[in-house]
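Each in structure tokens, the structures are laid out below.
Shared chain: chain A. Partners: chain B in the first complex, chain C in the second.
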Partner chain A sequence: MQRLEVAFLEKAKELLSSGQVNRVLAYKKGEFCYDVSPAVFYSVEELENAVYNGFCGANLSKYLIQESKKEGKVAVFLKPCDTYSFNQLIKEHRVNRENVYVVGIECQGKFSIEKFYKTGVGFVASVQEDLDSVLVNGETKIDRNAVKLERCLVCKKQHVVYDELLVINEKKDGDLDRFEMVKKLEAMTADERFAFWKEQLSKCIRCNACRNVCPACTCTKCVFDNDDSQISSKANADSFEEKLFHIIRAFHVAGRCTDCGECSRVCPQNIPLHLLNRKYISDINEFYGEFEAGKDIAQKGPLTNYTTGDIEPNDFKGGNK
Partner chain B sequence: MQRIGVFVCWCGSNISATVDVEKVSAVLALEPNVVISQNYQYMCSENGQALIRNSIKEHNLTGVVVCSCSPRMHEATFRRACESAGLNPYMLEVANIREQVSWIHKDIEEATEKAIILGRTAIAKLRLNTPLTAGESPVIKRALVIGGGIAGIQSALDIAEAGYEVDIVEKSPTIGGNMAKLDKTFPTLDCAACILTPKMVDCAQNEKIDILTFSEIESVKGFVGNFKVGIRKKARFVNEKLCTGCGVCTQKCPSKRGLNDFNMNLNTRPAIYIPFAQAIPNVAIIDPEQCLKLKNGKCGLCAMQCPTKAIDYTQQDEIVEREYGAIVVATGYKPISLENFNEYGYSTYKDVVTSLEFERIMNAAGPTSGHLERPSDHKQPKVITFIQCVGSRDTSGCGKPYCSKICCMYTAKHAMLVREKYPDTQVNIFYIDVRTPGKNYDEFYRRAVEQYGVNYIKGMVGKVYKEGDNLVVQGSDLINNEQLLIKSDMVVLAAAIEPDPSVRKIATLLTTSIDTNNFLTEAHAKLKPVESPTAGIFLSGVCQGPKDIPETVSQASACAAKVIGLLAKDKLKCNASTAGADEMLCTGCSLCENVCPYGAITYIDKEFRLGGGRTEVRRVASVNPAVCQGCGACTVTCPSGAMDLKGFSTKQIMAEVDAICKN
Partner chain C sequence: MQELNKEHKPLIVAFCCNWCSYAGADLAGSSRLSYPANVKIIRVPCSCRVNPTFILKAFQKGADGVILCGCHPGDCHYTSGNYYARRRMTLLFSMLDYLGIERERTRVEWVSAAEGAKFSKVMNEFAKTICELGENKRLEDLRCKD
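Up next is the complex of A and B:
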């Protein structure tokens, strides 16, 4: 795995020093091995602090909304799932594709630090990565799948938009059914389901991290920040107002959400927010045929397109399960 | 500060019997901004309107709330009243306290409370109303008629007669529809072809009428006065302009085993055929499923024989785009499938036929050249039993709940024709009720019973089964209270009719509504029977509900009158409720452009000042108000809430919801 990081750094240096781009959007080291964060690097020297490893989970596509508007070309390293978000942003005219040089980079699944703690390793000072396993603090070997983010167990695998690829090893696993939990929720009674969401969403502290990280939430001014829209005041009227925030947000990204999983990754309260989006995705698939937002830029989104084959409201047999 | 007048209508006793109108006007008088609140017996009457007009002047009103019937009914009336008193007509709100209150509630206290809430809701919205002005749009002086049966033909002829151009789009290779298949027509027994085919010829010869057969509607855009329609002309593999209808090709074609759908599949036709002798256009068509040349490249006989070189095996579907001011839907009907009625043995026994099949059997141009023969062994039947209401008035779920309306009369007609031509034939008819309202209809039925000795049996049939060469009809005679077993040589089923299945797609394309039985819904069941709720879309014939020929023709002409009335106008008043984007919120994501059915939204790159001397160029939506029809699709699609609709702004709707929830 170290080979990939070396190749990443070489590629970033090459792009900068050749003048092909004037900056690189990638990841920089933090204080600990696991607190990696997105960063823009303007020179080869700055790349000293650049890293690419299993903790580089952040989806870089959203940063390109601002970055692609600036002077000069920016290079970006996008994982397969990131490219879906980027494609969707191109479709919605939110990024300037001409100003972006996309390197599609290999990803063997990113880590969740919480999952490391759950294995009982204690403090994580260093992680050596292998394709199938990781070595923590130079002594404890853990199966890689055991510490992967949920989204990486249901991986998209393919890069859908790039200028060049940086892939040494193909990804083999990641084929679990992403709708498994959705099906479980659907099988619940309405009361059980309400109890589930009430418990989960009550944990919400309205830090807005999910919204701020979401590559589909790109409004100039969010309706929740716009007092004139009166939406916040309406949501606040309810003692269980978080559900309204999250449900409205899920509606706003329905049909555009690429299921990148960032909302759940960044949630400090570990709310499985991606499940709301996945429910919509599974319903869209059922009603309009398989559709993956961001996969094909020419394909029209089923919720904002109409065909004579569309399901009629009276064909839908919904109901309270 | 708005000065609002509230006017509560009694609607005679329609509202006042269930709603305490005095209390409603008294309570609403206390609402902020309300300066006058009154009630009156008939607000829509001249006196009622005068009350509104005078109050506007006297109290200097800036807005009017009328608590009355549905705005569908009298919004236009009250808008005119406001306008004539110098108030902008869009400063009116109607609270529907009749359809939504008095007609559906019994308890006076409850109804009164709800009427007050709806009044408050209208006031809350009105506080945020702003004066609006409607623009104008031109009318394209051309009509489209979808369906070339007798309904479509009649509508087209009448519209053309008034001097407007009309296109008939028919999905089958000829116009004529179901009526062309009929033998005789009740109650006069004149032959269907003799009265229909001259009208078909009139259509073909009228220079104002363009007939597009074997064509289907592919797409519809635009709005009343300005529709843009994509029509798919399906490949018929024969050049319509060159073919003279000489029929040589049909004789030479070696592939003769195709089912003749014009004759209800009772005989066969060649792969290249002309549907029937009087088809319009009189042009051949190739069935690609059957043609040897198109299937495996071997043959080509028809092309060799054709004297005008009209055969074109390479012909492709073609899409034509046309513009229309008005659209008539005349898609007609088909008999229902009888798969749910196995007890009658339709799929099992050849000698159980439907009435439409029987029409072809009796017809001189039909499969038996008009000789009454039963399909199995071509023997002349001696006993024929007719079964009525096969799938009509059926509440079991197998058939249709409605009365198909035409079956009683055509069954009497069939019985009479059989007895007339073959007096030695015994004719039995099982019926639930015989329904014969209509000019000379009951007389017709009585002739069948009294003069022709047709044996009418009140009762239903349980099953039809075979015994030897014959069929046995097991039924009950309700009048004599006995079970009957009637040996019959032939059984004729009066299958229910249903709207042609193509109507569902067409209704979707036209954004007009259909009922639970797939009949198109009229704008008002009594007062607007030929208009659909969608402006510019009109209904002709059975697509709106079961009808016989005289009724269809009357409705088709009524429909034409409405179309002519529309096309006679040079300009139509546009809708004043148009959408607009708040450019400070718009992200230019294009979602609204995707959902706009009218193509009213485009994008522009606009420079915005960010402060500190910096600027930013952003892509923002721009709405063309002349094209926007105010449907509101964009406003609900916009995630930022940047799109809003004048007269129905998000804030106004929120204010309404708040007013309702406050109580």
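Up next is the complex of A and C:
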């Protein structure tokens, strides 16, 4: 795995020093091994602080909305799931594709620091990565799947848009069914579902992190920032507002959400937001035919399209009663 | 409390498109066909003007049932508005169901300007369903109830 990081640094240096691009969008070290953050590097010297490892979960696509509009070309390292988001942004004319040099980079699944703690390691000072295991603090070996983000267990695997690929090893695992939990919820009774969501959504502190991080949320003026909407940037006053915010947030990205998993990753309250997004995705698949946002940009989005024979809103069966 | 609930008259909000369903409601009125007085009609330019927030807001402000009426598929004044509305409402209703909110509280019906009788029938039926379901508890804003 260390080989990949070396190759990443070499590539970044080469792109900068050859003048092919004038900046690189990647990840920089933090104070601890796990607080890696997205950053733009303008020189080979600055790349001293660049890293690429299991903690580089952040989806860089959204940064390209701004970055691709600046002077000169930007190079970016995108994981398979990130390329779906980028592709969707291309489709929606939100990025300037000509200004971006995309290196599709290998990903063996990114980490959730909480999952490390759950395995019982008290602290994480260093992590050495292998394809299917990780060595924490130089002593505790853990199965890689045990510390992966949820989204990496249902990986997309392929890069859908790139100028070149930087892949040394094939992706291992990540083949679970992403709709499993959605199906489980649908099979519950309405009361159980209501109780499940009430518990989850009432944890929300309306920090708006899920919206801010989402590469599909790109409106310049968001409904949640509109004071007249009565649901702008504030803590929920009651249980209704919890639902209102979440239904609307997920609805606004329905048909455009690539299921990149960023919203669930950043939520400080660990609300499984992907279960809302995936409900819309599975409904779209069922009612209007298989559709994967970001995969093929020539295909029309399901909510900007229709057929005269579409199912009637009163007719679908719905989950258990 | 029990007493109060028995007397509870459900509040129903009906979004009607200007070109067909609102005219249908008008016809029902001028033909002296009755529909429940607790159905509050909100006129919208086209069924696709209604975005999910409208529906949720109606519930928040105390509605017990929300129905959207538009021109029959193929007859939308703007050609295809109701086809888009149909997809949006299908997904929204399915999501509400997923959250455990009674599926029957939301409805879509296509009512033309000539269908005064259908309008009255639909509203009577819907009001009956909502009466049976009782007060909307799962999507209400407590501040709006006294």
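Just so it is clear, the second predicted complex is superposed on the first by the 294 of 321 C-alpha atoms of A that agree within 3 Å, B and C clash if a C-alpha of one lies under 4 Å from a C-alpha of the other, contacts with A are read in each partner's own complex, and residues count from 1 in each chain.
Here is the rule we use: a residue touches a chain if its C-beta (ideal position, glycine included) is under 8 Å from a C-beta of that chain, and two chains touch if they have at least 3 such contacts.
Predicted, not measured: the structure shown is a model, and the values here were computed from it.
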For A:S229, using the defined touch cut-off, is the partner it touches chain B, chain C, both, or neither? Pick first, second, both or neither. both
Would you check which partner chain A:T308 touches, where first means chain B only, second means chain C only, and both and neither mean what they say? both
Quick one: classify A:E186 as touching chain B (first), chain C (second), both or neither. second
With both complexes overlaid on chain A, does A:R94 touch chain B (first), chain C (second), both or neither? first
With both structures fitted on chain A, tell me whether chain B or chain C touches more of chain A's residues. C
Chain B versus chain C as contact partner of A:K300, first or second or both or neither: first
In the superposed arrangement, does A:K221 touch chain B (first), chain C (second), both or neither? first
Those residues of chain A which chain B touches in one complex and chain C touches in the other: 223, 229, 304, 306, 308, 310, 312, 314
Touching chain C in the complex: which residues of chain A? 185-186, 190-197, 223, 229, 237-238, 240-241, 243-244, 247-248, 250-251, 254, 276, 279-280, 283-284, 287-288, 302-304, 306-308, 310-314, 316, 318-319
Parts of chain C lying in touch with chain A, wherever the complex brings them together: 52-53, 56-57, 59-60, 73-74, 80, 83-84, 86-103, 106-109, 138-143
Can you name the residues of chain A that touch chain B in the complex? 69, 91-94, 218-223, 226, 229-231, 234, 252-253, 300-301, 304-306, 308, 310, 312, 314
Tell me, which parts of chain B touch chain A in their complex? 505, 508-509, 516, 584-591, 594-595, 597, 603, 616, 618-619, 637, 639-641, 650-651, 654
